[in-house]
Structures are given as structure tokens and as C-alpha cells.
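There are two complexes below, and they share chain A, which is joined by chain B in the first and by chain C in the second.
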Partner chain A sequence: MQILPFYLLCDESGSMAGDNVDALNTTLPELHHEISTNPTVADKTRFCLIGFSTEANVLQPLVDLSDIEEVPALAAGGLTSFGNAFRTLLRCIETDVAALKAEGHEVYRPVAFFMSDGIPTDDDWPQAYKELTESRFCPKIIAFGVGDAEESTIAQVANFRAFIQQDSNVSPAAALREFASSLTRSIVRSASSIAADGGSDFTLSVEETVPGFATVSLDKL
Partner chain B sequence: MTAQDGADVEQSLLTLVRKLATGGQGEVHEVGGPGELLFKRYLEPQKVDGAALAALVTLRQGLAPAEVRRLDRETAWPLCRVLDGGRVVGFLMRRAPDAMSWRTGKGDTRLIELSYLLRPPKAAWQAVPQPAPAERYALVVALVELFGWLHTLGLVVGDLSQANVLWSLDPGPAVHLLDCDGVRITGRPPVLAQADTPDWLDPKAPPGVVSIDSDRYKAALMIGRVLAQDAYATPEQPLKPLAGVLDERRAAAVGRLWGLAGGAYGTRPDLGQWRTALAGRDTIKLLAAQPAPRPVVDRSRFDGGSRRERGTISLRDTP
Partner chain C sequence: MEQETPSTSVPPVTPVTPVAPVAASAPSAAVDGTPPALRAEPTTEEIPKARSPRAEAPEAAGSGAEVAAAQQTPRPVPPTLGVPAHSGRRPPSYPPVPQGRPRVSDDPTAAVLPDIVLDGAAYPPLTVRAASVRGDSHRYHGEPRQDSLGVSLLGEPGPGELLMLAVADGVGSASLSHVGSSSVCRWAAWAFAHHAQELYEALAAGAAARFAELATFVVERLADKLARNAKSRSHDPASHATTLRVLLVPRDPSIRTRGLLTVGDGGIALLRDGRWDLDPGGTSEASGAGDGVIDTRTAALPLSRTAETRLLTTRPGDVLVLSTDGLSTPLAGESEMREFFGSAWGGGSVPEPADFLWQFQYRVKSYDDDRTGVVLWEALP
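Coming up: the complex of A and B.
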């Protein structure tokens, strides 16, 4: 079977407390519902949830979403260490790809959806990012910034597509709900183009525009 | 507006109640008014072959009443075209029977697609009924009967997949074909460029070719995958039907056809052969027919009684 692994990296630093974390925790069951009730999509994708603040925690190790009935909630607190997020992601990907291959699967390049509401509080995060993107299994990274996130930082994190919340139009919480919906559609549509035997071309489907967000051009940087 | 007579309908006369789904080619809307009809509106109407769509509507109009009832029961057939300022923008169709939907834990409804027959049940879709072995067998027979009938009507189904067929067990095992605007009349162009589904491609068909034979390959996949509860089974591997679905004789006959379905393009078993195999009947090898005795020609009839010497002209190829 051809498997496409998705990693969701969510900022759960102190500034996410309240509506933002609530919005994400409310949308995760919707994402799970949409994918777990669609067997063709669930077969071909896997999902991992990483929450990061001062530390990064693998809240849900990579899993077939139709095999789980609950997931640890995001809980706000602490600083915003991008470096720990990227180091944890790299460690997960290396372990997960090996495990999937050991099960007899073939693995597409992983896809990471990264979401932050602020600026990184660790100075050395670019080093961790470099190790991630220079690794053998460098994921395609789609980055979303809400609240105080800076456009240039979000663009720096993304290597596939980047989005920044539109200031006055929507609240960060509303933007986060759109972020989760866009992620869900991305998983469903991408999986729909995957053949189990890898016999047809697969297209990663990521929307070019997401309601509540402005698309950040990666070409300019 | 009844849509029953097949006449074109102006889009401006439709009341769209709500959008039910968006697919690769169009959106499906619920339409207000009698009949609980659905409107499939194409995303790119400029690419639609309006004559091909009209031919599908006309085909239904030309069927006997009992066949129309069957077509309406077992397929979401295009009832009539929908026009906007003279351009074909979509068509009206019937809604699938209520028994072919299930309610999720959150309360929304989903169609009972074939995909739920192709793998062991999961908690996330526990509300989807699970067929007993005899019901699974009956669903496969219903699929074979439906595709066989469509072929006898001179149609090529094209995109057979886990998403285009619905099923139910209530009141009895039944199937329902969706996306019927993807069906074409043999030898004629399709309404839109042919859609294909990953995992349901015929690896031996010439690229881009859709035919009765590629239908036969995909129907074989469908039969085998439902019998084996395996979404990715192909004739390259022996078929392993679920326990209790087929008796020994049927399993042997079906297994033989499954192997043949993996053969060269143009040689796949037809739906009639599957029907025979699933019925558990032996087949009798027929000997090559003997030439019929030639009729004795009463030459006097040609010559009106007058006697002439006529030779004969050989109609056989000279060796």
C-alpha cells in the first residue's frame, strides 16, 4: 500500500490559551470524523499530532485515523520553541517511515502542516529547521500564521505553501477553524489521487487560498 | 415540471434548496418541487457534449415502462438536461433510495458506498449495516445483473469504482449506480472526458480506451473485491472469498473467471459468464455446429416449367 503521512504541528504556547486552543480542539474531532468515515482516504493516509511550546510533545503518534476514538487535547502554556518542534518532527518521520516500510508499505514524502500564533522564542531554530529540510525524508511543509505570527518567519518555515491570517477580517480562532478545514480537504483530496499500488501519479492537494488567510508568496524570499 | 418526459428544462425554473456535494466534474444540488430530484451542475459546462447527454435521456425515453422503472430504481440516470441560455449546464436525476444512506455519530448522513463492503468494519462507520454472507452474495449477483443489463442496452459504464455504486440490505439486497452521465452509448463519445478512479484502472486497456471489455475487467474487480472483502484485490492474485459467501462449486467457477479476467485486453469474461458462475451451474462444452443440410432446390419454380440447362456457381472459396 502507498501511504501518505500527514503531520500536524500546533503551537500550544501560552498565547494560544482560550479561544485559539479551544478552536483547534473543537476542529480535531471534525477532521477525524471526515477521514475516519471515508475508508478509502483512511487506508492511504496516516496522521500525527505534535503540540509544541517550550517543549514539543507527540500527542498522537502516527496512526490510521479510523483506528482511534480519542486524541490528547492541546493545552496552552509555555514559550514557543520552533527548534523543538522541528527536531521532534524529524525524529518522528525517521521512525515512522521505517515502521511503515517494515509493515510492507511504500511511503510518499510526508506532509507537515505547521501552525503558530507567534514568533519563535528560541534563537537557534533555523539550525533545527536546516537539519529537517536536509534530511532524507524532508517533508513538504505548509505553514500557517495567526495572531502575532510574522509573515517573513512563516514564509521561512514553509517550503510548499504559506498563509498568514488577514488582520481585521477574522479572529485567530475563526482562522484556525478554516486552517483545520483546509487541512481536512487536503488529506481527502490528496488521498483520492493515490493508487494503492502506486500505479498512477499522485498529486499533493493544498489549496492556494484559505478563507481568513492571505497566501504568502514563497518566491519573493 | 416533472422531468419525466425528458424535455430540456431551463435552469432559471429550478429552485435550488441546498448543495449536497461537490465532485471533480460538478456540484449536486437538491431541487425544490415534486419528485425530490437532484441537479448536477457542471463546473465546466463548455466541456460538455450536449448531444451525448441528450442521447442518454432519449435512451431512457425509448425503454419499455418496466425497464424505465428498473433504470430509475437501480441508477441515478439523467432524466432531462438543464439549459442556461441554450447551453447545457447539467441534468436532473433521481435521489438514491433512503436506505442507501447511513447516519454518522455526529448526525449527518452519508451515502452507503461500495467502499464499505471492501474492508472489515471499523468503529468510525459502525452504523453502516454489515451483510451476512448470503446478503453479500446477493449484492454481487445484483451488481452482475445490473452491469449485464446495461451492456445489453448497448452501454459502456466506463468508471466503475467503489464510489459510484451504492448498496443496501433493506428491504432486500440492492445496488444503485451513480454518476450515470459517465455512461456512454457504445461507439459514441462520452458527455465529458472519461473520469477514472485510482485502483480501478484496467492495466491492459490501451491508454484512454474505455470499452465493454474494460467494463468487464472493472466489473470483475468489483465482484472479486466484494466477495473477498478486499478493496485492492486484483486477478494477479488468487481470489479468497469470505467464508460462507460461495459454496465449493461457485467458488471454483468464480475463481476460474477471476483468473481469466486478468487476461489480455479483449478476452475478459462477460457478465453472462459471471452470472452462470455465481449461479453454481456447470457449463456444457458445445461441439462445433454441423453445417445445416442444404435445402433441395425445386428448379422448376425458377424456370416456370420450361427446361433449361443450368449449371451451378460455387459460393465457396476455391481451394
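Coming up: the complex of A and C.
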């Protein structure tokens, strides 16, 4: 099979407690349903959920969503260690890709959705991020900043798309729902190798705008 | 719900028709004297046993007389092949049949493209079956089939005739690539026909450099024409991006050289003595598959203007499969698919068109791209 590994990294630090985490937990089953019932996505993606705060935990190891009944819930508490999130993501990707290949599958470059409401509390996270992005199977990272997240930080985290919450009435759950719907539209298509953008190994179609969010320019690169 | 049928339960595909010359056997009355149905429905004696686990043709040959006796009004049941076979534990979650079409008001060019094309030709000892099937993903999203195929005879009557087999895969990220691929397959026939004699001479002489020169010349003309056509409609030429793979086969059975030219990805595979060679005549080592991540980028006309060429030498009994990546990718990646097609096509006989189409739609989960293949059987003398 051809498999696209998808990683959802959710901030579950203390500042996410209450409405934010509740809303995300309400949205996860919708996400599960949306992904597992859309054959374009269901037949070739595997899903992994990582919650991070002081530590990062793999809440749902990479799985075919049609094989599980429900996605584990997030629980808020602790600080905001981006470094642990990226280290855990890198470890998961390396293990998962190797395992998929060992089973005889072909693998697309992984995709990671990263959502945070805060400012990282660890100083050395750029080093962990660098190790992730310089790794062989560096994922395409789409970052959502909600609440107090800083635009510059979110832009630094993303290497593909970045969005920052504009309207405080829009909950992180809306962003997650948007993630689900982006995912279902993320059809993997062939691309011309001499496309104007120089191309990458596959095209991920993710909306350039998300309602209630401003698109963050990644031109800083 | 879904079938959980292990693929091993799919009976091997039994060849039905001897290799060309294909003599159309006249439908005969059933053994028990049951009159053939209206318009000579094939009797159970003549049809292959149902091959799909789903196609439970009522008691095939043998017990026909008893069945007829047991029923007041015996009526032959037309055979059905049913849902195409699949590999692995589960079939793809998509429905295995054509779905919604593009709307004319949205895209008049896409709206008139068939979901499935089935084609073929016979020039003994050469027999061709060809199919282009819209991918599950395009069906699901109501998008057009972006693949195309072409089967044409080039040259003047006589020993210099060439069979041209072509497949083209419109680049998925290019909005009008279905126009590009369908146009280029038609234009390729006309453009190569202009040089049929020279191409024939190059192949007859096994002159690789000359063949490459001619192929490049024609491909450049095709690139120009594609770009011009796009511009004349005020389209960006890149929006018509398409791959192209052409196999030129002399009709003369004494000439064993076939010319292949390619722009972009796709496959050419050789089935010889029941064994697959997925890169016949290739110089490149196995393309590092299994090493990195899937790369869907491809060179494509009209921005790419150069063709890669190679000459292939075939033997009587060989089967050549020219395909878009919708077939070559799963063929390379899935051993069950290789076994299935190997058994369906490598048995020394050519399937009937409807059987070929059923076989061709063999399903493998996660491979939801358009699939196009032109298969050439070279009969034993």
C-alpha cells in the first residue's frame, strides 16, 4: 500500500485547560469520523495523536482510523515544551516509517499538524526542531496558533502553512475541524517536476485560508 | 458490507481464447438442446466459469440438463463477472463502479470524457487489449479521468506498417491535464504517422540513435502543438501538462525490435514465460524504491520536450504492458497484483475484451489513481 502518515500534535499545557481542551475533545470524534469515512483519506492515511505539555505523550500511536473505535482524549496540565513535542514526533516518524516499509508499504512524506495556544517554555526547542526538519523523513508541518500564541513562533514552527487565530470567538476546535476538512481535501496528486514552485515530492492541497484565522507568511525562510 | 474475502479465494483466471488469429466461434446450441436465448446468449458450455467469488453462475456446465429439466421455462442466465477481484484483506473503501461526472457547465472538456475506455486490435500475430479506467479518487470527487490511451496503425499498406500504442497521464496538479493527455494521444498518432517509414527503417535496422533522433523530433512537435493549443484557448501551457509513453511495433513479424519513447513516469513491463520484468531493456538499476518517500513528481509535456527512448527485443509468446503509473506503481509494489495479471495474461492466450476489462480493474487498497494500460500479445507461430 501507499501510506501517508499523519501526526496531530496538540498542546495540552495548563493554559489549554477548560473550554479549549473540552472543545478539542468534542472535536476529536468528529475528526475520527470525517477521516475514517472518506475513502480518499481512510485508504491511505495512518493517524497518530501526540499531546504535549511539560512532556510529550503519544496518546494514539499511528493507526488506521477505521481500525479503532475512538481517539483518546486530551487532558490539560503542565508547561509548554515544544522541544519534547518535536523530539517525540521525530522518534515516532522514524519508528513508524521504518515499520511501514518493513511491512512492504510505500510511504509518503509524513504530514504534521501542530496546534498550540502558548509560548514555548523551553529555550532549546529550536535545536529539537532543527533535528526534526533535518531528518530524512522531515514532515510537512502545518501550524495553528490559538489564544496567546505568537505569530513569529508559529511561523517558525511551520514549514508548509501557518495560521494564527484572529477571532477569539473561534475556538481551537474550529481549527481542528478545519484540520479534518483540510485532511480530507489533501489528495495526494502527481505534480509536474518543473512546476513554478519547484515542486516537492507530492502536493498537499490545504486551504490557504481558515475562517477566523490569519494566514501567517512563511517567507521568513 | 465489505467483502472480507482473502484474495487467495479468487480462482486463477483461466484463459479462454487462443491467441490470434482469433476465430470467432459461432455460438452453438446448448448440449441439452436448449435453444440459445435471444441474440445467441453464450451457453454455459462456452463461457468461462465465473471467476469472481461474487459471480455465482448457477451450476456451470455439466448439470445443465438437470437444471433444464427441473425448470419449466429454462432460460440461460447471462454470465456475470461481478465486482473486480482485489488484493489483501480488504478492498478499497470506494465503490468499485463509476460515480459522479464533471458538470458540463463547470468544465465542458471534462464532462464529455468517458469514465472507462476499452479498446483493442488484432494484426496476427499481434493482439492488443487496452483499457483506461478513471481512478477511485477522481470518481469520488467527480473529477475527470486524466489518463488517455491510443491504439493506431501507422504507415502505408505494406511491410512498413507500424502499430502505435500510447498512454498518457495528465498531471494531477494541472487543472486541464485531461485535455493535454487526450489531445496528445490523438496527435501522437498523426505526428508519428508522418514519419512512419523512417521509424520503421530505424526499427528494422535496430538503429537506436536514429530512432531516438526521430522520436525527439516528433516529441518536440507534440510539445509545441500542446503549448500552442493551450495558448490559443488562453490557458497556461503548464495547465495541460501530461506524460506520454509510446511503443512502436512493426507489423512485420520478422522484425523483433520495438521502439519505446517516454516523457515522464509510467511503466513498460514484459511478461515472459510467466515472469515479470518491470524494466525490460532498462539500464537503470531498480529505482531506489523502498529507500526514500514516494515522489509523485514527473516530467511532462509541454514543458519537458525531450523523450527518453529505448529499443526492446521481444520473442514470440511475450506480453508487453505499456502503462501509466496508475498501473505501473501498484504492479511494482504489490506482488499479488503481479501474480494476478501474470496468471490472467501470461497463459498464452488473449482474454476477451470484457474479461480483460474485468481483470484490468483488479483492486488494491490505497491505489486510487486513474489506470491505463495497453497490453500487446505476441503470439507463438
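One rule holds for everything that comes next: the second predicted complex is superposed on the first by the 181 of 221 C-alpha atoms of A that agree within 3 Å, B and C clash if a C-alpha of one lies under 4 Å from a C-alpha of the other, contacts with A are read in each partner's own complex, and residues count from 1 in each chain.
Following the convention adopted for this analysis, contacts are C-beta pairs under 8 Å (C-beta built on N, C-alpha and C of every residue); 3 or more make two chains touch, one makes a residue touch a chain.
Everything numeric in this text was worked out from a predicted model, so none of it was measured.
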| item | value |
| --- | --- |
| Touching partner for A:F137 - first (chain B), second (chain C), both, neither | second |
| Touching partner for A:I3 - first (chain B), second (chain C), both, neither | second |
| Touch count on chain A, higher of chain B and chain C | C |
| Which of chain B and chain C A:P39 touches, first, second, both or neither | both |
| Contacts of A:E106 with chain B and chain C, given as first, second, both or neither | second |
| Which superposed partner A:D67 touches (first chain B, second chain C, both, neither) | first |
| Chain B and chain C footprints on chain A, overlapping residues | 1, 39-40, 42-43, 66, 192-196, 199-200 |
| List of chain A residues in touch with chain B within their complex | 1, 33, 36-40, 42-43, 65-67, 69, 192-197, 199-200 |
| Chain C residues within the chain A interface of the complex | 88, 92-94, 136-137, 140-141, 169, 171-174, 238, 241, 265, 289-290, 292-300, 303-304, 325, 329, 333, 364-369 |
| Chain B residues touching chain A - in the complex, by the definition given at the top | 104-106, 110, 115-116, 118-119, 122-125, 162-163, 198-199, 201, 203, 231-232 |
| Chain A residues touching chain C - in the complex, by the definition given at the top | 1-3, 39-40, 42-44, 66, 101, 104, 106-109, 136-137, 187-196, 199-203 |
